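Presented below is the structure to which this report refers.
Order as written gives the chain letters A, B, C and D; numbering starts at 1 within each chain.
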Amino acid sequence: VKEIRIGLVGYRGIGKVHSLGYRSVRTFFHLDAVPVMKVLCGRDEEALKKAALGYGWESHSVDWREIIRRKDVDLIDICTPPFNHNEIAKEAAKAGKDIICEKPLARSLPEALEMLEAVYEHGVRHMTAFNYRCVPAVRLAKELIDSGEIGEVFQWRAHWLSDLLDPALPLSWFYQKEKSGSGALQDIGSHLVDLAHYLVGPVEEVSAVSQIFIPERLAEKPAGDKKKVDVEDAVQFIARFSNGAMGSFEASRVAGGYRDEFEIQVNGSKGTVRFNSKVLHKLEFYTTEDEKKRRGPHSIFVGNEQHPYGETMCPYGEVIGRNDLFIIQAYELLNALAKGVNPATSFLEGARCQAVLDAVLGSARRHEWSKPEYARIEQIKARGGTARGR
Amino acid sequence: VKEIRIGLVGYRGIGKVHSLGYRSVRTFFHLDAVPVMKVLCGRDEEALKKAALGYGWESHSVDWREIIRRKDVDLIDICTPPFNHNEIAKEAAKAGKDIICEKPLARSLPEALEMLEAVYEHGVRHMTAFNYRCVPAVRLAKELIDSGEIGEVFQWRAHWLSDLLDPALPLSWFYQKEKSGSGALQDIGSHLVDLAHYLVGPVEEVSAVSQIFIPERLAEKPAGDKKKVDVEDAVQFIARFSNGAMGSFEASRVAGGYRDEFEIQVNGSKGTVRFNSKVLHKLEFYTTEDEKKRRGPHSIFVGNEQHPYGETMCPYGEVIGRNDLFIIQAYELLNALAKGVNPATSFLEGARCQAVLDAVLGSARRHEWSKPEYARIEQIKARGGTARGR
Amino acid sequence: VKEIRIGLVGYRGIGKVHSLGYRSVRTFFHLDAVPVMKVLCGRDEEALKKAALGYGWESHSVDWREIIRRKDVDLIDICTPPFNHNEIAKEAAKAGKDIICEKPLARSLPEALEMLEAVYEHGVRHMTAFNYRCVPAVRLAKELIDSGEIGEVFQWRAHWLSDLLDPALPLSWFYQKEKSGSGALQDIGSHLVDLAHYLVGPVEEVSAVSQIFIPERLAEKPAGDKKKVDVEDAVQFIARFSNGAMGSFEASRVAGGYRDEFEIQVNGSKGTVRFNSKVLHKLEFYTTEDEKKRRGPHSIFVGNEQHPYGETMCPYGEVIGRNDLFIIQAYELLNALAKGVNPATSFLEGARCQAVLDAVLGSARRHEWSKPEYARIEQIKARGGTARGR
Amino acid sequence: VKEIRIGLVGYRGIGKVHSLGYRSVRTFFHLDAVPVMKVLCGRDEEALKKAALGYGWESHSVDWREIIRRKDVDLIDICTPPFNHNEIAKEAAKAGKDIICEKPLARSLPEALEMLEAVYEHGVRHMTAFNYRCVPAVRLAKELIDSGEIGEVFQWRAHWLSDLLDPALPLSWFYQKEKSGSGALQDIGSHLVDLAHYLVGPVEEVSAVSQIFIPERLAEKPAGDKKKVDVEDAVQFIARFSNGAMGSFEASRVAGGYRDEFEIQVNGSKGTVRFNSKVLHKLEFYTTEDEKKRRGPHSIFVGNEQHPYGETMCPYGEVIGRNDLFIIQAYELLNALAKGVNPATSFLEGARCQAVLDAVLGSARRHEWSKPEYARIEQIKARGGTARGR
């Protein structure tokens, strides 16, 4: 049986759940290849060693360049903060490794374009880890929209509410433009933009407002020092889509009492779909085809055999959680690699998302409507063809 | 006991529930004056006569000018579509009648300014019927915000989802710019703008997108004919407020499955309030003052003796409905008139709302940020002083 | 036009909203008769006078026997606490007056039987004011069940949660067996039993547990004295229905944070209906007829033209409130009287409910299953025939 | 480092998620011992082999007696249907293996007692897999109740709604008394009884009603044959607890549209806790200590550092899913074994639950109140002492 040997950079938070995905994917899914958890990479060796042991990695390394050089690694998983994505991805591509990279793909569109160039140039396979495309209910929404069940798409609505109000929260890379690209937009808004791409299509133009409400946070070191926050706490923007739909987006870190709760809704000429991230196992669906007396939004438990991943991940509509999404994501990645194709959610999607994020930041800064520069992505794509085999 | 003698123009839909308000207000509230339902006015005499009898009016008339001339009428209630507001209000003011006018106050800011001029010039009292300011939970939200319970206001979020997808709906004045000023914005967006004024404050500038999705509707007569819709089905806009807050608004008539459901949310530095129009008896309130272990949004039944109208309208948290809001509105109006003061929600609020609506329409048309012209309102106010006694 | 002249006994709380019903019914409904609010009756003359004026009654009286004697009164509305129902109803029947009586009809089945005998003997019309039968969503549930949409009825589930935890609440008639018959059961459980009769059918037998948790309350006078509570704070019981269904009921006054919130659910072989009293405008409906991919509970806005009272009371699914139910109830009563028939929810329903309540109390006391004595009601009915015309 | 070598019997459904637990526990938790997934046991070798590979087991075996004999297995995990529990557990105990057994522990109290005797006699450690005790929100409820935050416990309310209406579902062991002990009661009611034990305490007596609604199902083989169902589709019962509280329980497989959704609520003299199994990350908590103006149920995201497992499993209130509960369960089991103590949720809890289940079945059969025979359990416990070291 073919092996896919993995090296993962960044063992905290998101690296932990990526690890969970690799370890547990075959509990739920059949794969034509076996993932091998070769090496976990990070900087704090003590903590890293413990993590590698706990998560089930064969070894650990404090040098990401070293794991890229390793012959026994086929796939590099980038779970670092955004400011490392570009360099690691380019090196990995150069070394001929397949790559999965956490979202947002980069700090800016130019960075993302470089990464895209690299994977095309070196013919490696690539995925952006937009894990919410892995929600069964989101997939069902996609199926319903694509099969015309809500008719022509009229409107998109999306908000992501988060709560980082606590002034005692330290100024991590989250709050520094140099490290993260921007604030709420890159961090959480990126998911919403990607889901809009998935469910509605390309964005024609955006008009945005953004703001910093908590201008200073405590530095991580030296502890106690105050340092300036230079990224937005919240951004709200409106959009026109290429297909004629209109839409609104919001990403906020100052929504007291809401903890990474997002909601997306697509209104069409014949119905509506709505999804809330705190009710992962359900999709709300409205259709004007129901007879009037019984008409009303259906609350669908996504867990029938007709539903995406239905029988596998949430048989009988059992509640799934955020961790489960990383198992599905691992499946999507490894299944594509095992079959020799590129994952559906590639660096292209990461770059397209970044094109919109850059347009949003530009719009907020220049106080006017702004258009995403998708064309630069399509040029690279046209030049590069799809991932070439190795 | 003093009497307040009322003439109401427009007996359908909204005129019906205004009538309910006058008839039932004293069942719940003490007033220092007695409302007398003198005359109901409309065009279709047959239907009007029946309505007058059913609603409890002493008489009826098919000529609104006639009821304004009547000596035995003190207060004119304008429940017609927007295109009549201006003319009726100006005539009523000239005749020295106090006025309550349905929202939106006018089809445009210039019209609203004329109406404002008129009531100031003739020294009559005036109210705009923004009935959602009468929701006990909304009043509680105002109290909590004003007393600093959510800290500094950071963000406003509001959407009103409605469903007029059915292509068989006839092209009423709802869908004609000449009659209504605009579409979803004037009709339902106006409520959201007013609530933003109430809970957050003046809007500095807006950027908007709007669209017509259903371009033709069936004419009312000749029946069967198709006629062009020239007002927006949906509008989404973002805003900066004068106090530094940011916000988003949406008014949609193409949200399949949602029936006049709106939600408003104010995020502050110390907490959040959220209100949904389909749960009129509750306010969601979050405060960072709760100890962490128990912290989470409170779902407050508004019906304690500490709550606005609590013991009167929803003792013990009983469910109130839309009809009840018109009873509270009648109280607010008649109580002010009985006490010889102007209602708190005057034509000023109607005009301020219209200033924002005009800015939104201008922004959508010109594709750029746009500022409400509040200054023109304040000039009239400054010139006119408050309502002069008669 | 025919007049129906009304005398109402008991002007507080429930008497207020019955008054609202008479006053506003013709705002919404066409009637072939005109209700005339003749006289309001109570004991505290000062407060009564004010109430009569506010509610719109022509006169007031402190003697209920006097209003029963009045020639110009056709209908007696009994809104007193339960301990007066029996005497007033029997006198009213003897005087040939039609009667509407608040629920619970009496303190016990024997009392209810006397009342039933009286209305049959004197041939007057009669109604028990189970106002929750007037909820449009409940009517829709009834229609769906009757037309077989949920198949064979398997299970009933009902709970009513209320919060009288506050130890400072005075010991009103609510807490005294002599005045109210029992506690949570008579007060709120009676509604659930009536709705079970309406939606499922007769109860074969019950097994109950009940308890007093707050054994003493402050007497109303002399203030400050503690007095024993002798009625249950909560009761929970299970039941077998005559049609083979099974069910459970709960009525609790010690459910902290819940304010008169009840929920009922009927599970059938092909689907489910569920209703929550805090969401009066909606019915949840599940059917196995939906194709599997879209299957899930529908959340129906009750306000289409196909829905009971849809266009009248909640056009377009507008939120209705508790007050509105009394308008519908007034319509059901007056429409029946105008048409010369007995209201559908007659004293029979009141007595049937009481039969179950007595069985529940007996079961809790004797610690065994107990059967409602419906037979005694049917004997009276058989003997008496329907209400004879006058 | 110490190893805990595991053999698991029963690889379908529940065995899969137990496997997930062992495999992923150290991703989230620190343990002083390393679980080693030695051998997976089942009957269909082809499928078993695939499962063993996918789940990460070192080997597989079609003979459960063989894995019990193995020297390199320390812990037996019983994931078979109930009719095998007794025999396997007794053999495993005799062989000196620690045991975790799926719920319900047995088909009847006598069977459970034998198992309890066995683990005491042979001094092995033992756990019943009541996985809902592992929900962070349920643990928080326990903490709040124990620390007096809701005062004296008055009422328990619990229902579990499931939907096996589809007549095409085959007659598995689920529907056969001989294999499962009973129907909805053993299957899902057992969880509710255990949670009542956890949060309220021992049950004094119960009165129950149960019913078979779908009397025949299709046999698994020969396919197409109809076979009689001899276990209840639904059971509802009321209870008195030893501490004076009262309560109700429901377990239904005929609740169309509900998929393993349960809700539990504890009402106390000072507040309430409520939990819904489809919202695993939240606890609803009401306290009369909040000031009246802000009072209302709190919706607590369980994911603060003060919350049980808060930072580990649901940092920041992230949604957890059913799979995550098995990771927590694996931790509770392995952590106890590593520390040399018995897991908190031992066979005692399994037996106590079974005592109540037997009482419920007896009550339904004999149509009278019935008392759980806890005493027989306590005798064994008294005789046996705690698990003796090996």
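Keep this in mind: a residue touches a chain if its C-beta (ideal position, glycine included) is under 8 Å from a C-beta of that chain, and two chains touch if they have at least 3 such contacts.
None of these values were measured; they are calculated from a predicted model.
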item: Both-way neighbours, i.e. chains that touch subunit C and touch subunit B; value: A, D
item: Chain whose mean Cα position lies farthest from subunit D; value: B
item: Geometric centre distance via CA averages, subunit D-subunit B, whole Å; value: 55
item: Subunit A-subunit D separation of Cα centroids, rounded to whole Å; value: 36
item: For subunit A paired with subunit B, centre-to-centre distance based on mean C-alpha positions, whole Å; value: 42
item: Sites on subunit B at which at least two other chains make contact; value: 287, 295-297, 301
item: Subunit C residues touching subunit B - in the complex, by the definition given at the top; value: 16, 19-20, 23-24, 26-28, 30, 53-56, 259-260, 277-281, 301, 303, 316-324
item: Residues on subunit A engaged by subunit C in the complex (per definition of touch); value: 140, 149, 282, 285, 287, 290, 292-301, 304-307
item: Touching residues (chain side subunit D, partner subunit C) in the complex; value: 150, 152, 154-155, 157, 159, 165-166, 207-211, 213-214, 233-234, 236-240, 244, 246-248, 250, 252, 254-258, 265, 267-272, 286-288, 295-297, 367-369
